[in-house]
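In what follows, chain A forms one complex with chain B and a second complex with chain C.
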Partner chain A sequence: MRSLAPWLAGAVALAALPVFAPNSFFLHVAILILMWTLLGAAWNVLGGFAGQVSFGHAALFGIGAYVTMILYLKAGVSPWWGIPVGGLVAALASLPIGLVCFRLRGPYFSLATLAVAEIVKLVALNWEAVTNGPVGFLITGLPPLRVFGLAVDWESKLPFYVVAALLALAGLASTAWLRTSRLGAYLVAIRENEDAAEAVGIDTVRAKVMTLALSAFLAGMGGGFYAFYFRYVDPDAVLNISLSMEMVFIAMVGGLGTVGGPLIGAIFLTTVGETVRERFQVGHLIFYGLFMMLAIRYMPEGIWGRARKLFSSLQARVLGHGAA
Partner chain B sequence: MRTFVTSIFALLAVLSSSPALAQPLRIGAPQPMTGPDAPFGDKFKKAYGMAIEEINAAGGVNGRKLEIVIEDHQAKNALAATVTEKLITQEKVLVLTGGRASGQAMEIASISQRLKTPYLVDHPSADMITAKGFEWVFRNNPTGSIYPAAFNDFISTYPGAMPKSAAVVYDNTLFGKTIGAAVMKQLKAKGVAIVADEAYPVNTLDFKPIMTKVKGTNPDYLLLVAVSTTDAILLTRHAKEIGIRPRAFVGFGGGFGVADMATQLGPLAQNVFSSAAWSGNPNDPKVKAFYAKFHKQFGIWPHEHEVEGYSIIYIIADALKRAKLTGNLDADRDAVRKALLATDMTTVFGKVKFGNWAGPLGDMYTNQNIYSPEHSVMAQWKGGQLLNVWPKSNAETGLTFPDPLALK
Partner chain C sequence: MALLEIEGLTRTFGGLRAVGDLSFNVGEQEVLGLIGPNGAGKTTVFNLITGYVQPSAGRIRLDGKSVVGLRPHAVARRGIARTFQIVKPFPGLTVKENVTLAAFLRHPARRDAEAFALDVLGRLGLGSRAGDLASQLTLLDQKRLELAKALATGPRLLLLDEPMGGLNPSEVDVASGMVEEIRRGGVTVILVEHVMKAIMRISDRVVVVNQGEKIAEGPPAQVVREPAVLAAYFGKRSA
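Moving on, here comes the complex of A and B:
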C-alpha cells in the first residue's frame, strides 16, 4: 500500500496539471518533460540497472519514429497504434544488435552501440524507397478521433499531453517492475561484477538482451511519440547522436538505477535548458554544460539518489533523537 | 525598497495601458544563434537589424516601430518547434521568418500553419516547405530544384553549349540530392546521356575512387554538388588530378562559392563554374548601394544570407503597411497573410509576388515567389575571383567556354 502512495500522488498531479496550466506553451514544456522522462527511463533500464552504457539509443528512437510515420503515411495506421508498434519494431531490431554488441564489454560495448546508431542513420539517409532519404516525412493532418463521444482537437495540447503522460508512466512503471523482479536482480549482479554473475549461473547475455529489448521498446515508443507530436521526421532529427547523449544525461543527472530519477532528470534538464536559453541569448550552452559538470561531480548518485540519501539521514537523525 | 518596487509597478501599469497602436509590430525569427550553424544565425541577425533600423528611422510602418524577436533553435528540429510555439503564443509575434536550415523550417512551417501565423521563408530551400499546400507559409527565395535554372538556360541558349554527356556527383544531403535530381531530370529531358550518377557522404576525404570511375566514362560535362566547402575543394582537386577534362566543370551548392576555393586550389579553380546562390543582381545600382552600405557597417561583403534577410524585412514591412491591423492578434495575423497574398514589389533580392505554380520536379508550390526561376545565376572562377557570367543581364564579365584544358 505504502509503495502505491507516490504513484497515486503522481497520477493525481499529472491529471491536475493541465487544469492549472497558464497557457499552451507551459503544456508544451510539460509534454517535452514527459517525453524525455520516457526516454530517460528507457536508457536507465539498461544503463542504470545493467550498467551497460549505450551511446546508440538514438537508433532505437529513430526506428520507432520512422515506423510510426511510415505506418501512418503509407498504410493509414493511426499514430496511437503506430507508437506501440514502433516500440515493438525497435525491440525486435534490438535483438540482433544486442546479440552482437553484448559480446563486448565496457567501453567496447559503448563504442559498438555508437557505430550501430551511425549505420542506422546511413541506412535511413540512403534507403529512399522506404525512408524518403534526407527529405523525410511530414504529417499535415491527424485522423479524426472520438473519445467518449467527444471529438479530439489535434490543434490543442491536451491529447498529446495525455498520451505523453501515459507513456511516461509506462516507462516509470516498467522501471519499478524491473527493480523488484528477478531480472532486475540479475542485472544488478551483472553491473556489480559480470564474471561473478556468470559464475553463479546467470545467463548474462540473455539477461542483457532482454533488458535491451525492454529499453528499446520504451525508446521506440518515445520516437513514435516524437513523430506524432512534432509531425516531421528526417534522419538528422531522429537519428542524431545528440539524442543518445541527452538520454544519458537525463538518466545520470536524475539518478542511475532509480525509479524516479528519469523524471527528475527530465524536469531539471528541460527547465534549466529553457531558462538559461532565455536568460543568455549567447553562451547558454556553457551554463548548461557547467550545470551538467557540477551535477555529475558533486552528485554522482544523481538528484534523486542524493535526495533519498538526505531524506534517510534526516530520518535516522530524527529517529535517533527520539530514541535518546 | 518598497517605493522602488511600487514605482516599477506604476511604470509597468502606465506602459501596458498605453494604446495598443503605439506598441511595436513584432516579427519572430527562429535562428541558430549557437551550435554548428551559429555563424549563419549571426548573418541574419545583422541583416534583419539593418533593415529594421532603416525602416524605423524613416518613421516605421504607419507610425509604429518594427521589432524583431530572434530565438535560438541550435539547428535542432525539436527546439525549432519549441521556440516557434513560444514566439507565437508567448511573444505574440504577428509574423515569422528565418529558420536557416530546411529541417527546422519544416517544423516552423508546420506549426505556423496550425497556429495560423504567417511564416515568410527567407533562406531554407527544401521544395517540400512550399509544396505541402500550407496557405500560411510564403517563400521569397528559390527552392532547391530551381537552383540550376541559370545552368539550364546556359546550355540551351549559349551556342554549342548543349552537353553530349554528363557525369553528376552529389552529396547525400537533402540539398545535394534535390539538386542532383533536378539537374539530371532536366538533362534527360534534353536527351543528354547521364554517364555517371554518384552520391557521396558529406566530408568525404578521398574522391579519387569516384573520379577514377567518372574518368572512365569520359564525360562532356562534369557536374558536382557540394554543400560543404571541403567537399567542393577536394572534388575539384581530385577530378583535375585524375585528369578528367570535360568542356565544363560546374559546381552547385554553397561549397563552390566561397573564397577558400581560390586560396586552396589556386590555378586548379580557374574556369570552374559555380551555379551560385542568388544574392541580387550586382549590376543594379540599388543592390550595389546596399552591398556598399552593409560593408561599411559590418566590414564584410553581404552574400545570399544577408541579402535574403535584409529583403525579407522589407517584404514584411510592405505587407504590414497594407494590412488593416485592429489589435486583435488572430485577426491581424490573417490580415497580414492576406496582405502577403497581394505582395508585388522589388527588393534588393529581386522581384517578389507569391503564387501557386508547378516546380521543375513537378511539385505544386503554394505561395512560392513566382519570379524564383529568374533568381538563379552562374558564376565562374577567374584569377581567384568569382564573377557572375550568366545570364547576360547579371553578368559581370564574359565567360570562358569550353574549358581550355579540354582542348589540349
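Moving on, here comes the complex of A and C:
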C-alpha cells in the first residue's frame, strides 16, 4: 500500500495539471519534462542500476524517431502504433550494439557507445533511400482519431501531454519493477563488482544485454514521441550527441539508480534550460552548464538521493527524540 | 572416478609459462592443499579452472565433463565455486544481500534465496551481521562473507584462495574449523594456502607447484620432507 501511494498522487497530479495550465507554453514545458523523464529513466536503467555509462543513447532515440516517422509516411501506420514499434526496433538494434560494446568495460565501454552513435548518425546521413539523408522527414498533418466518441484536436497540446504522461509513467514503472526484480539485483551486483558477480553464477553479459534492450525500448519510444510531437526528424535533430549527454545529465542530477530521480532531473534541467534560454539568447548554455556543475559538485548522489538522505536523517532524529 | 581431473594444463602469458603441463585429480569429498612459493602459478590454476583465464592447452573435467571454454558464471552453475585471495564483496550491499545474490543461482524465488542465504550465514557465524554493509566488516568477517557467497551457490567443489591470509593464529583455527565443517557437509575443497599449520591440519593430500609445474604430491607430512619441496621453498643448500 505504502509503495502505491506516491504513484496515485503522481497520477492525480498529472491528470490535474492541464486543467490548471495557464497557457500552452506551460503545457509545452510539461510535455518536454515528461519526455525527458522517459529518456532519463531509459538511460538510468542501464547507467544507474548496472553502472554501464552510455554516451550513445541518441542512436536508440534516433532509431525510434526514424522508425515512427518512416512507418507513418511510407506505410501509413499511425504514430500510436509507430511509437511502440519504434521502441521495439531500437531494442532489436541494441542487441548487436550490446554484444560489441559489452566486451569492453568502464570508460572503454562508454567510448564504444559514443562511436556507435556516430556511426548510426553517418548511416542516417548517407542512406538516402531510407532516411532522406540530411533533408529528413516532415509530417504536415496527423491522422484523424476519435477517443470515446470525441475527435482529437492535434493542434492543441493536450493529446500530446496525455501520451507523454503515459510514456513517462511507463518509464518510471519499469524502473520500479526493475528495482525489486532479480535482474535488478544482478545489475547492482555487476555495478559493485563484475568479477564477483560472475563468480556467484551471474551471467553478466546476458543481464547487461537484456537491460540495454529495455533501456533501448524506452529511449526508442521517446524518439518516436519526439517525431510525433515535433513532426520533424533529421540526423542533426534526433541523432545529436547532445541528446545522449542530456540523458546522462538528467539521470545524474536527479539521482543515479533511483526510481524518482529522472523525473526530478527532468523537472530541474528542463525548467532551468528553458528559463535561461529565454533570459539570455546568447550564451544560455553557460548558465546551464554552471547549474549542472554546482548540482554535481554539491549533490553527487543527485537531488532525489540527497532529499531521501535528508528525509531519513530527519526521520531518525524525530523518532530518536520520541524514544527519549 | 575423481570429481575433478586436470590433465596437461598449460597457460603461457607471452613468453612466460605460468602453468606448465600440470596434472592432478581431486576425489569426492577430499581436501586438497595446493601449495608452492609466491608466483608458482597457484592462483592462475584457479583462474583456469573457473574460466577467468582460458588454458593454452590441457583438459579440465568435472565429473568427466569438460569445463574448458565456459565463462565463469557457467562454471559456477556446473558446481564449482571459488573465493578470491583479495576478497571481492559487493561493498555497498548488506551481508544478507551479498549472499542472497549468490543463492539466486539455485533458488530463483527471492524468498527461498533469502532463507538459504540466512541459513548459510548462520552456519558460518555471520548471522548477527546480516544487516550490516559488507564494507563495514572486519577482515575475518569479510573472509567469512567470501566463503558464505561461495557456499550459497551450492557447489560440489570449492576453490579457496588463501582463506587464512592476513588472519591471526586464533582466527586461523576458526577458519580451519570452518573448512572442516564444509567438507563434512559433502563439499570437495581445493585450498591454496601459505599458512602451513592450516594446510597440515586440514588437507588429506598436497600438490606442490613451483614455476607452474608439479614438483611433489602426497600426504602433507610426507611432502614437506621431500628435497625438491625444500629446495623450492628455501633454496638448494638446505635440501
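A few comments on the model shown:
Note that the second predicted complex is superposed on the first by the 322 of 324 C-alpha atoms of A that agree within 3 Å, B and C clash if a C-alpha of one lies under 4 Å from a C-alpha of the other, contacts with A are read in each partner's own complex, and residues count from 1 in each chain.
One rule holds for everything that comes next: contacts are C-beta pairs under 8 Å (C-beta built on N, C-alpha and C of every residue); 3 or more make two chains touch, one makes a residue touch a chain.
No experiment lies behind these values; they were computed from the predicted model shown.
Of the two partner chains placed by superposition, only chain B is touched by A:Glu155; chain C is not.
In the superposition on chain A, A:Gly76 contacts neither chain B nor chain C. Counting residues of chain A touched by each partner, chain B versus chain C, the larger count belongs to B. When the two structures are aligned on the shared chain, A:Pro107 is found in touch with neither chain B nor chain C. Judged by the touch definition given at the top, the superposed model places A:Arg231 against chain B, while chain C stays out of reach.
By the touch criterion defined above, A:Pro22 lies against neither chain B nor chain C after alignment on the C-alpha atoms of chain A. Using the contact criterion defined above for the overlaid structures, shared-chain residue A:Pro144 touches neither chain B nor chain C, since it reaches no partner. For chain B in complex with chain A, the residues that touch the partner chain are 33-35, 70, 72, 74, 76-78, 81-82, 85-86, 89-90, 103, 106-107, 110, 113-115, 126, 128, 132-134, 172-174, 177-178, 199, 201.
Taken together, the chain C residues at the contact with chain A in this complex read 50, 52, 71-74, 76-77, 81-82, 84, 88-93, 97, 100-102, 104-105, 108, 110, 149-150, 152-153. Within the complex formed with chain C, the chain A residues making contact are 182, 185-186, 188-189, 192-193, 195-205. If you check the complex, the residues on chain A that touch chain B are 23-25, 28-29, 32, 122, 125-126, 133-136, 138, 140, 155, 226, 230-232, 234, 236-237, 240, 242, 274, 277, 281-285.
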